[in-house]
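In the two assemblies presented below, chain A is common to both, partnered first by chain B and then by chain C.
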Partner chain A sequence: MSIDQTLPGSLAPEDKANLQAAAGAPEAIVAPPGGTGGPVLWMRKNLFGSLRDSIITVLLGAVLLYVGWGFFKWAVIGATWTAQTADACRANAGGACWAYLVEKAPFMLYGTYPFEERWRPTIVSLLIIAMLVSSCDRRMWNWRLAAMWVVGFAVSWILMFGGVFGLPYVETGLWGGLPVTLILSVVALAAAFPMAILLALGRRSNMPAIKALCVGFIELIRGVPLISLLIMASVMLPLFLPEGVTIDKFLRALVAFSLFAAAYLAEVIRGGLQAIPKGQYEAADALGLSYRLKTQMIILPQALRLVIPPLVNTFIGFFKDTSLVYIIGIYDLLTAGESAVKDPAWRGFANETYLFLAAVYFIFCFSMSRYSQYLERDLNKSHRR
Partner chain B sequence: MSTATAARNLDASPVAIELRNVNKWYGQFHVLTNVNLTVRKGEKVVVCGPSGSGKSTMIRCVNRLEEHQTGDIIVDGMTLTNDVKGVDAIRREVGMVFQQFNLFPHLTVLENLTLAPIWVRKMPKKEAEDLAMMLLKRVRIPEQALKYPGQLSGGQQQRVAIARALCMRPKIMLFDEPTSALDPEMVKEVLDVMIELANEGMTMICVTHEMGFARSVADNVVFMDRGEIVEMAAPTEFFANPKSERTRLFLSQILSH
Partner chain C sequence: MAGRQPQASVPPRVAPWRDPVIRGYVFQIVVFGAVVALAWWLVTNTLQNMERQKIASGFGFITQESGFDIGDTLIPYSPASTYGEAIWVGILNTLRVALLGIVFSTVLGTVIGIGRLSTNWLLAKICGWYVEIIRNIPLLLQLFIWYKLITLYSPGPREAATIGNVFISNRGVQFPVPKADPAHMWMGIALLLGIAASFVLARWAKARQHATGQQFPTGWATLGLILGLPLIVFIGAGFPLVWDVPELKGFNFQGGVVLLPEFFALLLGLTIYTAAFIAEIVRAGILAVNRGQSEAAAALGLRPGTSMRLVILPQALRVIIPPMTSQYLNITKNSSLAIAIGYPDVVAILNTTMNQTGQAIEGTALIMACYLTVSLSISFFMNWYNKKISLVER
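== the complex of A and B ==
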């Protein structure tokens, strides 16, 4: 925390100096006596502490080496790095075929989006990633962030669909790959989060009608598998719409995902709300804060930071669950990968494909996980009970 | 100090809080039975009584943290009803300090103080911060303004809580056992602040078992038992010759240690 930033401008200079002294220049960090002792000591303590430890270490080390060596032989030593056709790879069956990935990765990342227009999903993906990264900074958490996302979504919409500014129109049926996965998960979660907060608050409401509505929604949505919701959205919903009215399949999937995520997130958030002591509500009431102010300034900020780990857990789960849209024929990252495997010219490189897809998913999920750890630490620095 | 003069002066001053035949039940359990109490502007009332006698319930009814079922509660001329606007209006005039401090742990001390003035009173931020710093100086912890409540001692936290309530410029202050959760060596620093506040003429109802505080500050001491006000008298009278047997028993218990 920068002290100057948070100090009221109106303070007298001597007050300011006192405050800065009291808030404390960062204390000099003194190493604990003894120190950590370097890697050799660490290994002796943690890996070879006793005879039993040593045996386990040696055995596990051997297994790891064996498996690791096998993978290394396959992925590096025996791999085919460049090849014009699949035949070169097939001749070298004991090694990975990275030439295949060089050839097919663009298809997996973009799906069937028209070749000449691929710069558009590229920009959209980069834009979404950039917005996600810049949202990570807590100093950005104000109305500007919301405005940025609104503009970002509008730009993404225009770029993906086209049809204006001389961009050729691209229907959602042709969208595919990483942008689809990103748009589905980010838009659905962004829509679900505020909905989830309202549901969680509603479920704790004193008003029976509101409470029943929220409980009913949550239990209903949570009680059915995501797949059946997706199928209902894609097959059943059109039956109920008046003749001539169609809603895009992609949008229907988005709505289904948002509702599903909202029900799950609502329960996570409710857990946080329940952990806030009654005294916090009473103190806010006693100060004359309205329900809205109390919720917004006192209860939610505390409740949400309590549930960061389960929230991120749910986020990660949903990011991966977007791959279920293959059921209703939407071409996300995983589906694009599967059809790459089936390409007659390059059939049979499933290992490489799934390794690649796993790596892409992992990068996103691991970043989310690391960010949540950072956020928890950062928030706890100031918020010590 | 002279209780007699204080009492005489008070008779002329307007009524700040009036409880008339207040009754409250928790289910079948009768917590408050026909409670009658008048507190005049500038008067300091100390409430004592055994655990579970309804002291907290009574003062929490004054700012509607608890709802009473029958009788009238009139605060600063306004009768408490279910009307949300009215309740908020009363809460703006009545500050409360809790046994467990109940500071907002995610906000700095300064933010704890300025939140309500800025958002409820619509005070400009700078003005609210000036007021907050002034009050923090009064409770003698201006140097803690940028810390978080979790970084302060219990006594400091309770003084912040008092300053937070004062930041709304209340006409009346309610204290619910403000020193019971404190280590003994911190009790005095909080009581000193409360005594100062009392000397400035604040109207106060204070639930406490600090009988020294009651002696030196209170205009009236109220003894409650089983949901009733058993006895109410000026402190000299109250401690010297309590009228009811229950009061005598209670006093002998708490004064013996």
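== the complex of A and C ==
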């Protein structure tokens, strides 16, 4: 298509000529005027824009260099990289002891899981991580996602417990480390999700008894700290059950987590339900759809799509909150780290332990939060005009 | 036409099991019945179990002697005190750390949130990384880190760092307090009077500025009233000030007041963690204010600080308040992590109580009741404040 055809006919001939020249002629591309680029100018603008800015920059830069150099000296220059016992590290007090991490990291990641069976939690952890990653792909957001998780949970169950296919049985009391953290957060979320949808719908119901029950449950759970729920699960739940029935501690913590997650997720989903325009409800009613069909086919698909980014953020919160099981003595990542610190043979390397634990948690949470930010931008594309 | 009117208003006859109203009632009765049945089942189980295990029930233990000591108390307490008093000590400790945490994290969070929007690239980046790092590491781990750092790098009581009569060691910070004197009560009353008077003054100054345009140095006058009135009482009573100074006796300090390392670790952890969330809320609130507002303020000749204080922040507050409320609630609830580093908050004390008396149900119920009371009060107050500052639309 030539310029002639696209230009409106009312243009003067000389304008037409100019436009044609501009479209075709290379000399019309003008270089930016001098003095707007380059690192020096960038620094003058962004670091030393005013006297106050310059002072801030110099002070912050000095602090950053001091702290950074101190850390570098501790972590790299003065560090002990290999050692058979803690004595070599203790002799070198001014530096980090990475030999300790080499020795202890497997224990922090697997806890007290039997040594020769450690390949099982490894596979389970990798499986859960792989499922989390593939859940991020929007092409997977259909029945395949649910099928994948069901199969994944079944495989994880078999691998973690064992007792079939010639795998020795491993009780939950021996589970530990990263797989516990992953299982707690993922399973609790999966169990909480259907409950949360019902609670959110119930909270917006016009039946007073249902609404009161849902509001009461949500506000009760959200009003108390998670610790009190965990304490309740560990000391009160056994009293609630009939004589002879016992659930082990890990499962009890899972119940507490699911209830906790359900209340918070319900509020997130309610936000999505409230954001659906009234016209959608009315149109569904006008089509004569029953409440179940209306909810299932019109409302929930839209509402859930809206709340995916906040759901990811809530999940990050749960992932961090699983560390609270330390208080009721379940061997998650943090608990395993704490007992590694207290190991008499390697006592006194708390800094290295905490740095390692912080890095593991950070990698998981940071990548999830980046994903949620990306998703928010991506899903909002159609709303921005 | 007239004959058809009543016919149209008669609803079509439906079978009772298809009538939505009747179905609604039936559904509610069924669900409610199921919940009651579940509760009934749990209660009978519990009663049977308690009878079998010979666990006492009821809140009778509250008046019994507790027998354990608490390291940090705001009210007089000894092992001879009752469980009730111990719980009260715990509640006060929780409230103190939560209130201080709210104040400090609001200040720090606001500074970092504004810093993230700074035109200074380095400052903005550092504030951004602060938020990212702190937000993505569990609070419990951060508490362990702070506690370790504080206990590891603070000296023993004999080598305590001394600033005047304040001693900093791994036993905490010991500082002198004035011994109680009757005049102190009058100073407190004078302080309250000063605050009330400055409120009246501020209203008067505002009314005068509206009427005449004249400004009044309210800030200095308020400062004078609030500090001056107690000072006058203090001078009038003849300087009644005797310090209770901490002294090193044996392996520890006696006298004065101590703030435990656990307290500092908890306060530091809560403040730093929550500040990261508050920073994001503040940043979002400021970004939500239309750019035209700051441009208009600049066009009126307001300096950046003044425009932030008088134009941007008041408008941003409307966006900020609701999420801020949930952060304040989070601080209060997160203060329960104190139990992990051994600070005697209400959860830790009730946990000890439960272990000693075996009355888990009453203990857990008390924990939940305490937090529900605090949570509901904070949300009530913040809703009231939110209503007060929200935009009055025509």
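A few points about this structure:
Heads up, the rule we're going with is that the second predicted complex is superposed on the first by the 301 of 385 C-alpha atoms of A that agree within 3 Å, B and C clash if a C-alpha of one lies under 4 Å from a C-alpha of the other, contacts with A are read in each partner's own complex, and residues count from 1 in each chain.
By our rule, a residue touches a chain if its C-beta (ideal position, glycine included) is under 8 Å from a C-beta of that chain, and two chains touch if they have at least 3 such contacts.
Just so it is clear, the structure is predicted and the values come from calculations on it, not from any experiment.
By the touch criterion stated above, A:T85 is placed in contact with neither chain B nor chain C. Once chain A of one complex is fitted onto chain A of the other, the partner contacts of A:Q373 are absent, as it touches neither chain B nor chain C.
Legend: residue contacts after superposition of the two complexes on their common chain; A:M236 is shown touching chain C, with no touch to chain B. Of the two partner chains placed around the shared chain by superposition, chain B is the only one that A:D285 touches, whereas chain C remains out of contact. In the superposed model, C is the one of chain B and chain C that contacts more residues of chain A.
Within the superposed three-chain model, A:S134 lies out of touch with both chain B and chain C [touch as defined at top]. Once the two complexes are overlaid on chain A, none of the chain A residues touched by chain B in the first is touched by chain C in the second. Listing the residues of chain B that touch chain A in their complex gives 63, 65, 88, 91-92, 94-96, 98, 100, 102-106, 108, 110, 115-116, 119-120, 125-126, 129-130, 133, 142-148, 150-151, 164-165, 168. On chain A, the positions that touch chain B within their shared complex are 3, 6-11, 15, 18-19, 21-23, 277, 279-280, 282-290, 293, 297-298, 301-302, 305, 382-385. For chain C in complex with chain A, the residues that touch the partner chain are 24, 27-29, 31-32, 35, 42, 45-46, 48-50, 52, 118-123, 126, 132-133, 135-141, 144-145, 148, 152, 333-334, 336-337, 339-340, 347, 351, 354, 360-361, 364, 367-368, 371-372, 375-376. On chain A, the positions that touch chain C within their shared complex are 46-47, 49, 53, 56-57, 60-61, 64, 207-210, 213, 220, 222-228, 231-232, 235-236, 238-243, 316, 320-321, 323-324, 326-327, 334, 338, 350-351, 354, 357-358, 361-362, 365-366, 369.
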